[in-house]
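First up is the structure itself, then whatever we jot down about it.
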Amino acid sequence: MPEILIHIAEGRSAESKKALMQDITDAVVKNFGVPPDRVVVQIVESPKHNKSRGGVLFSEM
Amino acid sequence: MPEILIHIAEGRSAESKKALMQDITDAVVKNFGVPPDRVVVQIVESPKHNKSRGGVLFSEM
Amino acid sequence: MPEILIHIAEGRSAESKKALMQDITDAVVKNFGVPPDRVVVQIVESPKHNKSRGGVLFSEM
Amino acid sequence: MPEILIHIAEGRSAESKKALMQDITDAVVKNFGVPPDRVVVQIVESPKHNKSRGGVLFSEM
Amino acid sequence: MPEILIHIAEGRSAESKKALMQDITDAVVKNFGVPPDRVVVQIVESPKHNKSRGGVLFSEM
Amino acid sequence: MPEILIHIAEGRSAESKKALMQDITDAVVKNFGVPPDRVVVQIVESPKHNKSRGGVLFSEM
């Protein structure tokens, strides 16, 4: 605890996703005072045709 | 806001999924009075062997 | 199936939330061709101090 | 109802995932007294490079 | 890992929810072979007027 | 996009939760290069009797 889910469309680099998960872990440890290994982060990635903003698919932006 | 997650098994056509995301966006705009570009919809799709109803896999229905 | 989660901050009227859930159910039935009673919608509502956009709490907007 | 989401990294066998979904379904039926076909379980599986514990990717453990 | 979310409408007893979380934990340990303290289960409970099946609120069933 | 959900048991201070949402927003902006107002963070908080680790309720730890 806590468990963090990040919902994104595909297309981000592995490096940026790794760095984000590390930064979020650090933020939880700093603010909640929990041991790092209690912090689980999962990226739930959907293809761009499975995500929309304003009714427009990310694959059509 | 709001953020909408749709959990389904694989197998729906791209057309039906696109239309669904558009209709849901319209429904949020109509009922909550928010600008369309505040409405994010993501389809979280799992293979049929990763989803069950009544303990029966969608891949075995 | 499908299961739909709507993530919002508190403050919407019961009437608007009910209408939204009904409209989303209709949209799923229309686009996916499933029986209505297979469509479950849940609103996951957090207090305004537990949700942010751009790092600004909804309670401070 | 209820709808259960299981968030894991890839790498589990189809057999173990099927058995888990069945056992969870049984647990819900037993404890909540609902008909089995009301119980939907979905496994949301991410690649090991999209999940971390303690800031360490599952792909690097 | 894994992290399990159970989405329900309010109205279940504390005893039944506790037993369900324990049974689900046991099922994960048995099928995935992970240590128990890696298994986190969270019940995400919404008021009955915030959940619907077939477009009908749980508060009106 | 992205939309971030943080699943916790109740009991954290409003200050620590606000700071966490701000830090996570900053981390997304830094690593993904998106405008801040595209980053939505929601804390999904459950009572301690609705969350368990290792089958033990947070209310009993």
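Details
Each chain gets a letter, A, B, C, D, E and F, in the order it is written, and its residues are counted from 1.
As a working rule, a contact is a pair of C-beta atoms (placed from the backbone, for glycine too) under 8 Å apart; a residue touches a chain by one contact, two chains touch by 3 or more.
Keep in mind it's a predicted model, so treat the numbers as computed, not measured.
Homomeric contact subunit E/subunit F is classed as different-residue, with under half of its interface positions used by both copies. Subunit B and subunit C have Cα centroids lying 12 Å from one another.
Work out the mean CA point of subunit D and of subunit F, and you get 21 Å between them. Each of the following residues of subunit F touches two or more other chains: 1, 3, 5, 7, 9, 17, 40, 42, 44, 51, 53.
Because contacts link the chains in a way that matches no line, ring, star or complete pattern, their graph is best described as other. Here the chains touching each other pair up as A-B, A-D, A-E, A-F, B-C, B-D, B-F, C-D, C-E, C-F, D-E, E-F. Looking at the complex, you find that subunit A touches subunit B at residues 7, 9, 44, 46, 49-55, 57. Every residue of subunit A that touches subunit F in the complex is listed here, in rising order: 1-9, 12, 16-17, 19-20, 23-24, 27-28, 30-32, 51, 53, 58.
The touching residues of subunit A, when paired with subunit D in their complex, are 3, 5, 14, 17-18, 21-22, 25-26, 35-45.
Chain contact summary for the complex, subunit C toward subunit D: residues 1, 3, 40, 42.
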